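In the two assemblies presented below, chain A is common to both, partnered first by chain B and then by chain C.
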Partner chain A sequence: MWMKPADIIDLPRTHNNAATEILLRLYVTGRTESAARAIATLSTLQQELGAHKISVEIIDVLEDPIAAMNDDVYATPTVFRIKPGPIRRLFGNISSPEMVVAGLQLADNRD
Partner chain B sequence: MKRILVIDDDDAVRDSFVAALECRDYVISSAGSGLAGLESAKSDRPDLVFLDLKMPGMNGVETLAKLRDCCPDVPVYIVTGFHAEFLEPLKELRARGAAFDLARKPLTLSEIRAIAASALSQKSEAVNVDEASRHH
Partner chain C sequence: MGSTRSGKTAPTVDSNPNQREQLPKTPTGIEGFDLITFGGLPKGRPSLVCGGPGCGKTLFALTYLVNGATMYDEPGVLMTFEEKADEVAANAASLGFDIAGLSAQKKIAVDYVRVERSEIEESGDFDLEGLFVRIDYAIKTVNAKRIVLDTLEALFSGLKNTAILRAELRRLFAWLKERGVTAVITAERGDGQLTRHGMEEYVSDCVILLDVVAYEQIITRRLRVVKYRGSAHGTNEYPFLIDDQGISVLPITAAGLAHKIVDGVVSSGVPTLDDMLDIGGFFRGSSVLFSGGSGTGKTTFASSFAAAAAQRGEKCLYFAFEESPEQIVRNMLSIGLDLQKHVDSGLLRFSASRPSTYGYEMHLARMNRDMDNFHPDVVIVDPLSAFRGSISEIHNTLMRMVDMLKSRGVTAVFTRLTSTQELHSGMDQGISSLIDAWVLLADLEVAGRRTRGVYLMKARGMSHSNQVRQYVMTKRGLRVIEGAFEGREEQSFPTIPLAKASNIRTAAKPKKRPTASRR
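Coming up: the complex of A and B.
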């Protein structure tokens, strides 16, 4: 679907707080529907867990393809659990906090 | 059944997509050029498009721009190497309002299937990264 340039460019700023227990890294290609869905889902998860507990980096592959290659991203949207290790990857329809918790095995960190 | 259109000038690449997807309840159409891909999309509207970026004649950027005229809401994965020089033209296309996702070339058969499942069946795939690396 055609998106207004403002919708595409206006990605949330990345937040990288090394002190948080959980660090997620989301790769998107601008604000496609799937990207918007993933961003909204991770935002909800961050609200549920608290910004002191979970931080989310958002990287646009078009702007930083080297980061995408280094993390072995094969398609967007993909979210990685960077911390705690081991690194785990969730690709595809990122549409609910429960899916992210289950897919990235965050249950131990949710409480 | 969901319809997938693969547009790539490389026969082997098109064959790999067909091999990955043909047993998965999808109808697969393939086209060896941007022009042929557009004709295919106009006659049989796809539910998902895999589009090569670098093709002779009408390249992926031009093809996507025209594809959006006939199929504005179809999910499109542009398949390309993640190199800045390849991706630069896509920034301009995006600035003009075109939405698309990216997939890194080359894709494995399982990656192709995961993308199709995500786009068409709202599924997701989760793995430990070190396990994923062993399958490459």
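Coming up: the complex of A and C.
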């Protein structure tokens, strides 16, 4: 039930999240400036890497607090690396794709 | 410096806190605590509970929460930052709290926030909105009036940017106040300040400090209300107790000399002893001491007192510090005293423990708690002498014990083992001032045979026999034989009562000398 995708933002997404090598999950709180910045950053990253390689789920904590509970979100915005494991989290000012790659250690998966 | 100080006007002290508008309080349901804070924690505001590791912060907070849900119909939220939700439930179960059951009934919501430094990468600005939303959700789920954040400081170990964290915490407490939930925030004790991360800066309406000290391998827990904005509160360190029945705080200084006087006379259970007192027994609500050497029947007198109370339909609580209840019951059968039937009827209750199990404070706290639960009319403490330590410490403990009993209007019976050497030490004089009636029991040698003598050392507020009387233990109970011992006293009773008596005599004799020397 917590897999509810954010329908507030248009983001290029693959049809099947499980098919991609990398799966990120972004938690935001409403449509704040920092949320918009994080979404834009992840969108850029997805374009860079290709939609076949990376998929991103966006969850608004306000709409789905249970998901936030299950993933133990306390700070926002937070982006999780769900796949490949182990799970890592990055929160704060998510403003550049490089920062996400470094913070979540996605480098190995980048061609 | 001196001049500025003298220039200052004395602060105006609000003499009567009752005249002010009373701050609304939220009762914790923790015995004693609500008493010393005049009602509990400040309603709708956050309170800080701090202390070192293992001091009982979490248990205090949990008790507050569970009591809210079960006793005051105030559902609560537990946000735990340190322990897993199921660990919390297991810990709470050790106190008899059923967190799982309460959360199934929607009386308590538990949310576990795990801050794992190793998997976190942090950059720049963030907010704790995620946490806010979760708290908000949990509060709404159970319609919470209370919340516990245990221990919020865990965030400090997980988050690097403490500037943002502090700003967010400030916002969090303001937000909680706005929501009107009564929050308890736990925090670890820090060096040189109350809490390691200075939480007292944010939560300053009410600050409670818990402390645990070990002295001679005995643990004593203490609680102190450091600060309580807008409310009077007890300022002492109060001992508190954690056991299978939860937490209780002993409000020591709540007791004073303003004891209520209970009218009436109670029988000692030995009619022939009652006869030695002109009112036919002891005053109800007074404290009676039976002291004597070993084998003089102190426990037997105390047990007779207990049985007599139960016979009258009164409740008696028997604190046994030397013998097990089974042993006492069995031994009393030998003089035809059936205590078991009173235990079965629920009028007599034993509470046995080794004196060395706890410190004095803990014993007092435990006795206080037991009395709160049972509401006894008569309390037996057998024996007082089991408590060992410095004279001043024992005296202090006794004074508080007597105060505690008197303030409840309970008739108290103490037994005490006395050796002849001890009789003239300061100890007995100290005890004497606290005791209303003192019955001395002595092993005597009369005309070549051993016998037992009873003597009333004092009995406040009544006239009493000044005789040393013989008493016997028969199959049908204790019996004091009427009339003074026969024979010449000085030869007959070389032990306790007469040792004293002869002292008085020799002290009186030299009185003549000054007149003689003046001549």
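Just a few scattered comments:
Please note the rule applied: the second predicted complex is superposed on the first by the 95 of 111 C-alpha atoms of A that agree within 3 Å, B and C clash if a C-alpha of one lies under 4 Å from a C-alpha of the other, contacts with A are read in each partner's own complex, and residues count from 1 in each chain.
Everything that follows uses one rule, which is that a contact is a pair of C-beta atoms (placed from the backbone, for glycine too) under 8 Å apart; a residue touches a chain by one contact, two chains touch by 3 or more.
Keep in mind that this is a model prediction, so the values were computed, not measured.
Of the two partner chains, neither chain B nor chain C is touched by A:Val56.
The partner that reaches more residues of chain A, of the two candidates chain B and chain C, is B. Looking at the shared chain after the overlay, A:Gly92 reaches both chain B and chain C.
The intersection of chain A residues touching chain B with those touching chain C, taken from the two complexes, comprises 29, 34, 61-62, 65-66, 68-69, 72-77, 86-95, 99, 103-104. Residues of chain A touching chain C in their complex: 27, 29, 34, 61-62, 65-66, 68-69, 72-78, 86-95, 99, 103-104.
Residues 1-5, 8-9, 29-35, 61-62, 65-66, 68-69, 72-77, 80, 86-95, 99, 102-104 of chain A are the ones touching chain B in the complex. On chain B, the positions that touch chain A within their shared complex are 68, 72-73, 75, 77, 82-84, 87, 90-91, 94-104, 107-108, 111, 114-115, 117-119, 122-130, 132-133. Chain contact summary for the complex, chain C toward chain A: residues 111-115, 119-131, 133-134, 136-137, 155, 159, 161.
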